[in-house]
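The chains carry the letters A, B and C, assigned in the order they are written, with residues numbered from 1 in each.
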Amino acid sequence: MSHSDRGGSSAPIIDFRVRPPARGFLDMIMYTSPARRDRFTRQLGLEPARSAQARSMDMLLAEMDRAGVGVGVVQARFSDFFGSVSNDDVAAICREYPGRFVGIAAIDPTGRRAAIAEIDRMMAAGFRGVNVEPGAYPVPMYPDDRRLYPVYAHCEDRGIPVIIMAGGNAGPDVSYSFPVHVDRVAGDFPALKIVVSHGGWPWVSEILHVAFRRENVYVSPDMYLHEAPGWEDYLRAANGFLAERFLYASCYPLAPVEEYAEWFRRLPLESGTRERALWRNAAALLGLPGSAGAAEPATAIIQGKEQACRDWP
Amino acid sequence: MSHSDRGGSSAPIIDFRVRPPARGFLDMIMYTSPARRDRFTRQLGLEPARSAQARSMDMLLAEMDRAGVGVGVVQARFSDFFGSVSNDDVAAICREYPGRFVGIAAIDPTGRRAAIAEIDRMMAAGFRGVNVEPGAYPVPMYPDDRRLYPVYAHCEDRGIPVIIMAGGNAGPDVSYSFPVHVDRVAGDFPALKIVVSHGGWPWVSEILHVAFRRENVYVSPDMYLHEAPGWEDYLRAANGFLAERFLYASCYPLAPVEEYAEWFRRLPLESGTRERALWRNAAALLGLPGSAGAAEPATAIIQGKEQACRDWP
Amino acid sequence: MSHSDRGGSSAPIIDFRVRPPARGFLDMIMYTSPARRDRFTRQLGLEPARSAQARSMDMLLAEMDRAGVGVGVVQARFSDFFGSVSNDDVAAICREYPGRFVGIAAIDPTGRRAAIAEIDRMMAAGFRGVNVEPGAYPVPMYPDDRRLYPVYAHCEDRGIPVIIMAGGNAGPDVSYSFPVHVDRVAGDFPALKIVVSHGGWPWVSEILHVAFRRENVYVSPDMYLHEAPGWEDYLRAANGFLAERFLYASCYPLAPVEEYAEWFRRLPLESGTRERALWRNAAALLGLPGSAGAAEPATAIIQGKEQACRDWP
């Protein structure tokens, strides 16, 4: 099936959160405990991806192709509970599958100088942002923990987007996704572009208020969009004030890349909203070629597999 | 168009929160930063009022006439961020447009004796309540801040309604609208009538729980009723247990008086609920003529433009 | 009307929270202040039960029979505000109406040794769980108060279910139902089966997140299921991931046993979900005969009125 056959929508997809079955990801709990992962997926009302169960990159790439997912955003991670994936592993994955993945850097927030040096190193290597998962750090913290403020300041000053995991199982308990923490960060760093990964779920109305108020806040509900309580409110916001700051992500392997994209394409989104959610918003945020001000058209990105990760993006 | 032409509803309207383009209001951020204001209005899915953009009282009064808004409740304000409007300015507006506006007094909560003296002075001048905006004060505080308790006690003992802004951009972050604060005030002063302005949004279910539990709590979602997440729950409550404690307000100029009233009249509210929300609840709460126990019928209020603010209400 | 006539559903009902008009319950506020109670019931959109107004056990039993409620779970209580009901009173009610009621023990959390001894005494007498109402204790506490942890540990080690009232008027203010407290208990005692009584309302999405994450958490929205804000989310969860951990309860006399059961049976629940909510989940949780691993079929329980409370359960 070609892209143009998909229900009238030919827009390719940037999947904003993908954990491919490769390198350090294979040591994460979502691959080492497949029963746990599959139970989670089924609780969402979805079927686990065959590629996840087979731990097969080839199968994942085929699923991405069939789903029209041109690019997966791959985020390094620093965590005891979930397992860590190094920035170098993510960079290697980007290199090994050129044009298919974009790297996002993880940090250790307990040493500000080393964290900032690592951010600079990875951005120079072609990464496109920083992944902060406060509640998942070995010593859990809230998104507005003072130890993170030098990192936020550094990113704000350099125009580096920060992805904050603040939703779902974001930490030891539900307080770690409480929206006030992200709200404070967004207010204290008004030029810092912040993606709320896992969409602040279950605090849906509350994180939408934060995004309504703070123009630097993007919302990516990830797999919690799939009919978790409040999901319709995400959609309404995406069709309204949040149109330019709503991001699509499967959180593969927690949701299957293919079934999830098919489901998303059938949602009652206005066509402009759908295209923005699937591609344009993420491309502009990450400064990918094909986005506003970039040199290449979007189609070139999908096909530009000769480019190395550090060049593209 | 006469009042009786409006979809079978001839009830006039008390708009519980109006900031007319006059005197001190013109120095508030919502008039000095029209682009910011209009963006807010459009994020709600509404079009800015022409009177707001023209800063024209004549146009506003014409819009109120066309919308059937007989009375606007005008609240003084003490705030750094939003800008302050003095009680004397509000009194002057009430005097200059007799019968069209009702005054509500602002206070400086950091000096209890002066605050109470000011309340008494303004109530003697015809004001009908006190406006408390804890998170917007120069030193932000929560609604249950101890410094506000002497004010609440004074108002409870004298039957003066208190309007607490605890929703939307109620303070530096979303914790300022967290419903526990209003809940505690309502429990600690059970005879104090409290209007939750901005309806506790985005904590919709939570503030409705508070109102379910506390019979002295009124809810005015203001412009957040306009399809913000949770708005249907406000409506259901208005049609149910909250029927006598639900208040209509546009928060003009954040929402346009005319379009907003037209939209509200089309909502699936039971006719008794609509009339209560638009007029009866506010009239009874503020002790306006025409409400239970008052000497004059409601129609007299709309037309009684000869009366001065301090006499009417 | 026989059970098989009820809309195709012949499943009998375990009503997970019933306060019969007998013994110590008659001294509780819900019987001593009937006007308060009836106002509450009507705010929910329900009509007070005639048996409640007449304080008649015979009428209640007839209402239970007509509603198909085979078993009522009766929870002792230790509270100043609501009134206390002793474990011995609950045991007496179970004895006096054999086969119709199951006892749940209350504790005084301020003395851990006495609390644990009392739990052991009542479990030996046939009780089936422990009722913890943190915010309603004479000295209100949160569900994750350290003083409760020895009780939780004792129950976890012995497989005793704990019912935590954490919803509705759960304490002096809405913070007592804040979902983080139950979340922490569930995380700290992963083998402890916890029923969130009053369903964490109004924190509906949030408690569903907790139950999504914690497999040891059961949700019983009780009368707040009756069209309180968020109630559809409870239903969707019951039809989905929560199917085996959703419990039906009227909280009689706050809702009427009969009208409430009729309303519940008409809800759009899948037939498996309905049967689980009405009987199977509670029977399995409490280890009643007829549940998995028990010796007797469910029908025998309804009819087994010859059995004494301490034998059955």
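Observations on the model:
One rule holds for everything that comes next: a residue touches a chain if its C-beta (ideal position, glycine included) is under 8 Å from a C-beta of that chain, and two chains touch if they have at least 3 such contacts.
Quantities reported herein were computed from a predicted structural model and do not represent experimental measurements.
Listed by label, the chains that touch chain A and also chain B are C. Note on chain B versus chain C: their Cα superposition corresponds to a rotation of 120 degrees, in steps of 5. If you average the Cα atoms of chain A and of chain C, the two centres end up 41 Å apart. Taken residue by residue, chain C touches two or more other chains at 204, 230, whereas all remaining positions touch fewer.
Contact residues of chain C toward chain A in the complex are 179-180, 183-184, 187, 204-206, 208-210, 212-213, 230, 233, 236-237, 240-241. Put simply, chain A touches chain C in their complex at residues 43-45, 168-169, 172-175, 178, 201-204, 227-230.
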